[in-house]
Structure formats: structure tokens, C-alpha cells
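Below you'll find a set of structures to go through.
In the two complexes below, subunit A is the common chain; its partner is subunit B in one and subunit C in the other.
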Partner chain A sequence: MKEQVWETRPLECWAKAKELRAEWQANIAKDDKIVGQGNTYFVDWQEAFPAIRIVEDNPAGSMIQAKSSPFARKCRLASEIRGWGREICGYHGNIWGSQFLGYDENGAPFARRHFVVPFPCVCDSHAKRGQQVRDFEPVPQWMSDQCMYLGPRDEDREEAMNEHKAYCTLRQINDIERVFGQKFDDEKMVEMIHSGHVERECRSEISRLMAQTVPAPISVKDMYSFYTLGFLTRIDPQKNLDFWKLVRDEIKWRAENHIAALGTERFRWIEAHPPSWHFLKYYRYMEQYGAVCLGSQYTSGSGDYKGIERVTYPEDTPLLTREDAIRYSDTPNAREPVGFKQDEYMNRPPYGEDVLIKFARYNQANGALLALWRCGVGCTLTRKEQAMRLREAGFSVLHYEGSQPGDRTDLDEKRFLNQLDNWMESQGMQKLES
Partner chain B sequence: MITAGIDMGLEYVKAVILKDGKVIGRGRGHSGGAARAANAEAAYDGALKSAGIAAGDIQKVVSTGIGKHDVTFAGACRTESVTAVKAARFLCPDATTVVDAGADETLISTIKDDGNPGEVAINQKCAAGIGLFLNYMADRLELSLEEMSAAAPAPAECRVSDGCVPFAELDALSLLNHDAAPAEIAGAVTLSAAARAASTINDITVPNLRSVVLCGGLAKNKAFVKALETLTDIAFHIPEDAEYAGAIGAALIAAS
Partner chain C sequence: MDKFKEMIAHRHEYAKAWKARTGGKVVGWFEPYFPEELAYAAGMLPVRVLAEHETDVITDKWMYAACYPVRDIVNLILRGRYDYIDGYVTVEGCQWMFNAFEVADNNKKAPFTHYLFLPDYTDAPTSKDVVRSEFEVLKGKFEAWTGKEITKEALDNAIEVYNKNRRLLRCIYELRRADSPALLGSEAMNIVLASQVMDKAEMNQILEKLLDELEDRKPVGDKIRLMLVGSETFDSRLEELVESLGGNIVIDELDTGSSYFWNETYPQRDRLMALSLRYLGRPHNPIKDSNWRRRPQHIFELSEDYHVDGVIIAKQIYCHLHGTDNYAVWKLLRERNIPFLFFERDTGLPEEDTELRLEAFMNMLRPGLTRLVGWHKAMSL
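Our next item is the complex of A and B:
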């Protein structure tokens, strides 16, 4: 008999999420705007250009693999024969291949790109990836620098970096106005910053509730159905805001009423990376053991686990000019690392305690599942060292060689699931009867 | 109580009959890919025959190994880390760590005071540290497994990559083309396999190497054991039933 410990029920916001996701997908295929390829998480300014739409490379590339493995292979082959190695990020191999082939996974013509804005990243390979899109037509490329540094905090250096980054973005905006004859809407930008702030607060509250409530009111598997909405998959801003308030309220209610994501929760685990989007089955597989995943710093909307004082807004930050707005939206990257990659470089010994240990403790986790994949997003040099530090801190850790998020090639499903069995059984856990 | 354990490895299937804490029968055969289910039954029959009992006398069968789900007549499946630890303590009561080096996997587990697994490390996908690699290289070098096992440490100028099987094979072929003796190359590839296995042992964060049991098929390869001992500075306990350890662990679990 199944060990049902807590009440559980499906999330009510599913339907809305599916509707918004479908809206995003439909927008990619439209040919009614000036289309840029990039990552909207780092392109806050796009909403202030009403005639411009950014097609997000990461989720679009991921969708290709998730929807059709044969088409994804065809895309990557098309990339490979043009000289891109197999070690390139699968997201990009897929989407370039689709561009080379001239059609998408649904057989529709590949939507033409008018410019590219690769996102600034600590791994510093995105500039090169942007070059591929730039050279294809060719189209203009704009890119900001990734501002970060190691070692003790240096406010002068930080200010200079922030100014440089703000300047990069201001220049992008000026160039786009000039090249495409568009007018940048400053008021809209400020409005977006306000609504973005509310959205982030919602995400943060959800992550806090996931981490701090036992049983977890939502698992990361469920969260993955929502979390890209708004920043990686851009939709109507008001609909987006309404949606995140809806999710937050539902999760809050579930936490208050002890409604579990997994009724048999008895083991909480974390990760350090985005998942193999084409193989999310492992989350459900682990649930057979009563093991629930709380996600990673990649997905967590809350920086609380880092013990950082949160930056408040808007009381202490007047946004009177375009420069104010851009400084505000750009500078948190330098002020404090926001991404999981930056975290792993900056928040680790000898600069401080490993961020994953903080994250594991914050989430009341029992263990961590750490991927070792040879390329793509989440491929990080420090993974083995993180595992050692986690083990020393008392967490159970399993490494596995999986397939990178956008490329199924390296997936050995049977071996991976067998490793999960070994991990669970070595801790005295067995599958619960269904 | 009479129980059976079946260890369905990638290369060989091993079956053991356990009666009141003693191994009374053993069976072994090739696991055979798609024919695993039938080969498991054949190994099981062999074990029953050597024990002199009938299948009806067995109270419970537990399977383990990479093909454990193919053992259709097993009442339960348990993973390799659990069965290896159980077997290690059974075969060597003071064991603190077990190294299970087989055809497709090198698994290390520390053993807690209560006899349960502690920290577990498993080799990664690269085939360089596993038995299949050595079998494959034996074919390339036209040596028997016994000759591979008897290989002496290779001289310093005879080395192959210990980071990647394709590179190791290319290195070996290159050595052959430069007239190196196959037996010397066997020593080099064995050292390479041992280096990979040693790196998995090093993955254990909090080692407990007071009494380390080495089991699995590679425990029979003397050259591998010597190379691994040299690299890790560990004096392994190698039980007589090292190859049957997984099956013994499964039978012990069936009895518990």
C-alpha cells in the first residue's frame, strides 16, 4: 500500500500556464515584427520597442529537442557540417540547424532574425554563438559584457563595471533606434521595471515557500512548467503579472494547508543545474521513492539562501531618466551575481561557503543530484568539488553523466535510472508501492 | 532457510544458493544480451544442481546487477551497491569498504558500522576502468584472459592513455606497430584500467580503508589487482567467492 502521508492535489494554475506557453509558441512563428534572437532575461528593454520581439534561443532550442528527437538530430547535423562541434550547447546547435534547414520542428518556415543579442555570460562563449546568427544573413549583433569579479568587494570597481554595462545597453538601444527607425518608450521601460519587480517578488515568495515548507507545496518538476514564463519566454506583461500572482497565491494556500506536491515526501533533494528538458521523467521516477526535488539555484527565485540583503525598490531608487532605468535593470548583475554560473564561480571557497551548501540547507534537503555533462548549459568545472563539499557537510550526493539540457545524444536512460536506484537504496530507501 | 541470489552482469550471470548462512550452490554463464532471461534460468539451474536441491525448495529469489530486471523469476530486485555491501560483510566481517569491479561498472561503497552502505561512488561512462575494456583489448592483442591476468607491469616507455578508451586503444595499436610485445601492452592497458578504477575510489570523500574487500570479475585478474594495489596503496581482501559477491549479497537480502 502506498504510504500517503500528506494530502496532495493537482495545481489549479496548470491550465493558465499551458495557455500562456502556447501563446508564446505561436508568437515565435509570427512574422509581424522585427525579430531579434537572444535571451529576454537579459534584454529587459525589448518591451519598450513595441515593434520588436526577441525569440529566446534557449527555450526555442530546447523545444526542438523536446518535441522531436529526429528533427533535433537533423538540426545538429546541419550545424556540424558547417563546422560547429558536438560540444556546442544543444540549444544553439538545434536552433542554428533549424535556421540552416530553413524550417522549424513543425515544418513552418524558420522565422527570419533581424538582429542578435547574445546574452552576457560568465562562460563567455555566447559572443561566438551570436556570431553564427549574425553571419547567417548577415544581421547586426549587440552584446553587453558580463560584469563580475572575484575576491573582496570593491565598490569603486563595481561602480565602474556597472557604468560600463549600463553604457553597453544604452548603446544597444540607441543603435536599434537608428538602424530600425524605432522609438524607445522610456515610460514603458520604467513600467516594465515596476512590474518585473512584482513578478520577481512573486517568484521569490514561491521559492521561499518551496524551501521552507515541509511538505513542499510544489516540486521543481511542476515549477518547470511555469518558471520560464515571463523572463525566458516573454508574453503579454499584464497577463504575465496576473499569472505569477495567481501561482503565488495558490502555493501560499497550499503551504498554509499542508497540501503536498508529493503526498509521500520523505526525502528532499536539490540539483545544481537546469535539467535535461527532454528527460524530465527522472523527477517522477524519484517520486516513487518519496523523493521530491526542490530545484537548484538556477530555478530558485529567492536569493535568501545566500544570506544577501535584498535590494529594495522602488522607494530608494528613483527612475527619472532612461539612464536611471537602464542602470537599475542592468546593475544587479554586477552588484550581486544572479545566475547559477556566476554563483559557482564567486560563491565558493576560498571566497566564501559553497552556494550549494547554503541552498541545500535552505531547502532542508537530504541530498543532491549533480550532473556531469560534457557541454552546454549547466556544464561546470566545479561540480566534483561541490560534491565533496556537500558530502563533508553531511548531504548525500550522486553524480551522473546525463545529457545536456538541449541535446539527448548522451542520455543513457537505463544507466541513469539504475544510478538513481543505487543512490536511493544505498540510503535504505525502496520504491513505495503504487 | 534456503534462498537464491542472481547477479545479472553485463558479461556473466552468476547464481548462488544460500542455506542457513552458507553458500551451498553456484552457477555461472554468459548473460547473453537479449537471451538474458533464459541464461539467468540456466545459471540458476546450475546452482540448484550443484546444491543438490530443487527450485521448489527455494523460499525467495532476489536479483541484482545491470540486468536484474530481466530475471523474471526473481521475487525482488536490489541494486548493486546494497548487495555488494551485504556480501562484503558476509565474506569479510570486518570490511569497511567494498570495491566491486565488474564488466561494466566499478562501484565503491563504504560500509557503516551497522552494515549498511555509507558513501557510494560509481564510475562514469568512460569504459577505461571496467572489465569489458580489458576483454576487448585481450581480443585486439590476441591474448587470452589468463595471459592478460598474468601480464607483468609494463616498462615506462610502454604506456597508454588512462583517460579515454579510444585513445587507449589507439595508443595500444601504435605500440603494436612499433613492435612492442603484446604482453607488455597488456600490462599498459591493465594499468590504465586500474588508474580509472583508482580514480573512482578517490571519489569517496570520507574513505574508510581499514579493511577493503575487492570483488567482481576483475578481482580475478591478478595484473589488475596488483596495479590497483600499487596505485591506491590498499591491500585488498579478495574472497574466494569474489566473482559471486553480488549474487551472495542478493541471496542474503532474500534471507533477511
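Our next item is the complex of A and C:
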């Protein structure tokens, strides 16, 4: 490429990532575990039950759309004729439609769920989705909550919330032991907590390097291939930790040696929340302009940009009992200030500067591409206001419309690419010669 | 009966006059889990922020894909229709409604705003403690804002006034169980809506008088008995449309209807706990019915108690809560052979389209009803 400025080269950790992913996939195909439906981010105790595997509908729903549009349409129709709204989250329309049909996108039988832990979430669609599993057939369901409030931290207010959260998790574990005759491995839980700290640090370091190094050593397009490893794609905790250390070390080396994700980097942009999983091509399309995407709060492992101190127990807090471990892992802060889903509620005026402005500055971004999802309340709420605030702060913003990251119905791909052309050209940028 | 409809139409003037008369503060609430008793005990007038459609060229700037009541509320707030409101409180619930609160918070800054967390998991033993704690926080904030302590006596009085209001509304709804009720669905809806924007003590006096009048009122005649389920509504246009076609909504399961007043507060020494249990024990809307499916069964029980011939499910487009809950409701109604009509509402009520659907639905019900030989309605329908 004529206008290449930086050296670039493929990521070496790719091979390991592929190996781990393939191993996970192979295990799923052959395992006979008790399958629970839940959000793997919140059900972070699952490895302490060796015979249990948690699956989540978000990635499964997006996979259906990405693999087969006709099948995804069929699934959503199967949901709609049974009462699911046509403007609810595409992930759910797809996955529950597949459950109604009885088979998945590969034609294999829909994997039976033996229990469900609905996703406690400020997204209305997500909060309600888990009930489908128990509506479909009588299986156990355990609930929890994502507590929150506005304004400065109030420890007194959090006390009852923390008790509630701890109760919910302890009850889930206790009941799973009782109902399924499984033994919860308390020592494994403590081990996971400690390895989780190191993993989070690795992810944070990667996000910091990505945001603060020019050229970016890795783009979000690449990160999307890795970032599910460890939570959506559950693997052995030690292998997971080794992998994230590997990625961190490589990104650090690339940053120190100015190895770019995109050799022509000259424009940096951010997003908010997930992309259209079925049309990731736009990242490559933008690369023709020398534009690199740094991701969103959704992908960033670092909460540093928020400028909010993360409240945690001291590292040497003794974890002697199961309750200690659960209270520790549920965090002492009921609101979980790094939770990206709550940004729209708390991290905005009048409670502080808009989180997206902070994120854009942190990433040294030139612009922001903000999706407006017709079928996504949680990923669209306040997006227009954020755009206004970003513009006032001097960032160029483009909106594009679609149904939802897991539903391609309303995304006019051609129009979207034309919008990207207009956006880039309006900023005086032309496609680079190849 | 028209006075209730007029009351809703003139609710802004009513609240302004109340302020001028009492010198008190008006607090606007968005979600039905707001403990009005606390505001009332603090000497305030709690009013539900009702939607009403006016030409809207504003809200597109602020929001995307929100349901029309939320847009209309934002439109009204930004146009200054609710400028007399001194404080806004919202409760964790519908996200679009939170969006309305948040836009109001950013653009029409009221002297007081508060967000109250209420768990989606309403059945845990710890849920009541969370809600009690949240109510205590709100009570403290009200006291700091008004500079007045909320005494036990004031709270007891508020609980009793609100309980009385609920009992009176329940009495009115009980009259609708009659074979030929004395009031129409539209009238009942206007009464409940008016009750959400008026001083409860004043409303109670009106309702007591109304109950006496209703005892002597001529029945409205035999009509197809229908139930209304779905997203909350802020007027009685749908009920009126049903009535124009020979039907009568005899019961509803709406957040702005029966669910608003269905259960009372059972007093106990810990008043905040009593309130916590009342709000956690009310007929839940979809987002708070996230654990056990109590809502479909409640709908079924109401349909049985009120002897309905069919159910109308009217969902606001972009209502994610009912969009994810309808499956369970449809399933139960189908299993129990209860006919239902589902349709989506958008900005306002598309009259002709809705009329056609309602007419077809009621025509479908009529032959089945007339086949019930000996039944009192058979000839007149």
C-alpha cells in the first residue's frame, strides 16, 4: 500500500486463540454436561461445578444470523407467531425461534437447557429473556439482580443491595448442588477469583496499550476474535490465564516497537456497544481510509477512562468460606462501576462527563460511529444524546440504523457503506490507493 | 361521569391550583412502583406523568425507537407542559420510561430528581429489604428537600388514605362484574386515571359519592364482555372504540388500570416494610414478573372473575416488556381456549385500522355467544 506509514504484521497469538476456540467447540460437541442457560459474565462460578456448562443466548443468537439469514428469519418468525414482539432483541428472536423449531443453524438438535439463570440486566429484553427456558419446559430457574442507583457512591444504600446479590448467588449454588447432586468446588472458586484478577489486569493492560499507543497495536476487529475467551467461551482457568498473558505480552511488544494493527492508520474511531455481527466487513471497509476502530466500552477491558475508582476488597482479604468467595466476587460495590451497561444511567451529565467522551479522549479518537438499533433498547438508550454531547466536545459522529446486532432485517448494507464514504469524505479523507 | 375525563384533560390546571392553594410541592412519577404514600406524607401532591399526544417535532432529537407514550411524555416535558412539577422520581422498570426521566433530568432540571431501585427479582427474601432500604433513602431525601420530617402519624394517614382510595376503586371495579354493569369500560378507565393525578383525599370523597350514584344507575345493557391487557395506556379511546362497536371492557390488566390499585398496604409497626411488601406484592407488570410467571395466571383469574367473552391485547410498538411477555400470556389463553385479539399501537390509536380488527374479533365472538341457549345475552347480541 502506497501510503503505509507503520510496519504491520499478523498477530502471533492467533494460532493459540484458534486452538483454544477449537478445543472449546470440540468439548461442546462431545460433552454430556448439565447445560444451564445464563449469562456467563455473571455466572462466573461455573467452573467450580465441573459437570455444568453455561451457555448464553447472545453469541448463539448472533451466530445464527451470521451463518444463515434464511434460518434466522425462520427463527424470528417462529418466535413472533408465538407472541414475541417483532422489535425485541434479535439474539432472543433467533435463539428461542431455534428452540421452538427444535434444531439449530447446523441442523443439529437444539441443545436442551436443564436450568436457567436469567441475565440480571438493565436491558429490558435481556432481563426478560431467560424466562423462555422455563416457559418452554419445566426446568429450575434462579434469579439475581443488577442493582444500581444514581449519584455518588453511598455505602449505606448499598448494604441491602449487596446482601441481596450475595443471597441470590449463594442460593443458586446451593440449589444446583441439591437439585443436580453436584458438588461445588469451593477451592476452585477461590482459585478462579485469584486468576480472574490477573486476567482482568491483562485485559486492562491490552486496552490501555490499544488506546494510548499510536499506531494502535491491535484493532477491535482483531480483539473481537479473542475477547470472548475466558467468559463467553469458557476454558480451563489456567489455560485462559496463560493465553491472556501471551496476548498482553505480544501487544506490549508491538506497542514498544510501533507495530501497527493498520499500517496506514491516520484516523481513529470508537463505537458504543456491539457492532452488527453479521456485517463486520465495515471494519475492513474503513481501513481503506486508514481508519482504525478502537472499540467501545463493550470491548474495553479497562475502566480507567471513566476516572472512577473501582471499589474492591483488599487483595489479601481472606477467602475462607464459600460465602467469603461469593461476597468477594460479587464485588463490594453493588453498582459495579465498570459495568458498561450502566454507563447510560450513571456516567453522564449531570453526574459527570459523558462516558463516551471520556472513552473517545482516552482512545485519542477522531470520531465515533454510533448505531441506532430499532430492536435494542439496552444498546440504543441515550445514544442520540451521547452523539450530541460528543459533537459538542469536538468529535465527528455518524449514526447508522439497523434492527439489532443479531438481526440484519433493517440494516441496508449498501446505504451503510455509502454513509461511511460520506462521513469520511466530509472530513476531507479519501480512500487510499492499494 | 364526564368530570373524570375533564379532570384528566385539565390535570395541569388542577395541579397548579393545588399548588397555589396549599403552597405544597408537586412530584411527578413515571413508574407504578413509586411509593406515593411517602410523597403524600411529606405534604406533596404525587401525580403520574401521563402521556398525551401533541404534534411532536422534538423527541427525534433525543431518542430513537422509543414507544409513543414515552415520546409523548418527553414532548410534553420539553414543551413545558409539566413545568409546574417540582420533582421527578422514577423507579427501576421500563428502560424507555427511564429515558423520559433522563431527558427531563438533563433538559428541564427540576429542583428534585431521584431514581429508586426496585429489584426485578421481587420474590427473594432479601428483595423486601432492598426495597425498604430504598424507601428509607427516598424518605430521607423528601425530608431534606421539604425541610419537614415525615412523622409516623403522617405516614399512617397517607397509608390509610391510599388504602381507602384502593378500596373505593376496587368497589367500582366490583360493580363491573354484574351481568349488565352500571358503568362502561371507558368511564372506569377515566376514574382510575383521574385518581392518579388528583389529591387522594379529595378523590376519595368524589368516589364515595360516585358509588352511591352508581348503585342507582341504569345498567349499560348487554354487550360483549371484553378484557383489556397490554402496555399501559393514558386515555380511554380504545375503550370508547370498543363501546361504539357493541362491546364493553369489563376488566383490564393494565399498569394504569387495575394493577394500580389492586392490592392494599397491610399496616405493621415498620411502616416502610409494610409499603415495601405492598409494592412487591402488587400485580406485577412484565419487567417485575421476571421470576415466577404470576401475570398470566392473574390475567386468567380476572378473565374468569369478570366472565369475559374475549381478551384484547394491545401492545405499544417498541414495548420490549410486553414484547417479551406476550408469549406466556398467549400460551395460557390458548391452552384455556380464551379467544383473544392482539394488535400493536403506535402514535395515538389508528382508529380505522383498530376498528376493523375489533369489529372482526367481536363478529367472531358473537355466534359463539348466541349459541349459549338460555343465556340472558343470547337474544340481544
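Everything below uses one rule, namely that the second predicted complex is superposed on the first by the 410 of 434 C-alpha atoms of A that agree within 3 Å, B and C clash if a C-alpha of one lies under 4 Å from a C-alpha of the other, contacts with A are read in each partner's own complex, and residues count from 1 in each chain.
The definition used in the following text is that a contact is a pair of C-beta atoms (placed from the backbone, for glycine too) under 8 Å apart; a residue touches a chain by one contact, two chains touch by 3 or more.
Please read all numbers here as calculations on a predicted model, not as lab measurements.
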Mind checking the superposed model to see whether subunit B and subunit C fit together on subunit A or clash? fit
Between subunit B and subunit C, whom does A:L150 touch in the aligned arrangement: first, second, both, or neither? second
Using the superposition on chain A described above, determine whether A:P118 touches subunit B (first), subunit C (second), both, or neither. second
Under the stated touch criterion, which partner chain does A:W84 make contact with: subunit B (first), subunit C (second), both, or neither? second
So, A:R391: does it touch subunit B (first), subunit C (second), both, or neither? first
Given the touch rule stated above, what does A:M161 touch, subunit B (first), subunit C (second), both, or neither? second
Treating the CA centre of subunit A as the corner point, state the angle out to subunit B and subunit C, nearest 10°. 70
Applying the touch criterion given at the start, work out whether A:L372 contacts subunit B, subunit C, both or neither, answering first, second, both or neither. both
Does subunit B (first) or subunit C (second) touch A:K16, or do both, or does neither? neither
Working from the superposed arrangement, determine the closest approach of subunit B to subunit C, counting only CA atoms, in whole Å. 6
Which residues of subunit A are in contact with subunit B in one complex and with subunit C in the other? 372, 384, 388
Contact footprint of subunit A on subunit C as seen in their complex: 61-65, 92, 94-96, 98-99, 102-103, 105-106, 109, 115, 117, 119-121, 123-127, 129-130, 132-134, 137, 286-287, 290-291, 293, 315, 317-331, 342
What residues on subunit A touch subunit B, complex-wise? 372, 384, 387-388, 391-392, 398-399, 401, 410, 412, 415, 418-419, 421-423, 425-428
Using the touch definition up top, name the residues of subunit A that touch subunit C in the complex. 79, 82-89, 92, 118, 120, 122-125, 127-132, 135, 141, 143-145, 147-150, 154, 157, 159-161, 163-164, 167-168, 171, 344-345, 348-350, 372-378, 380-385, 388
Using the touch definition from the top, list the residues of subunit B that touch subunit A in their complex. 66, 78-82, 85, 107, 109, 116-117, 119-122, 124-125, 203, 205-206
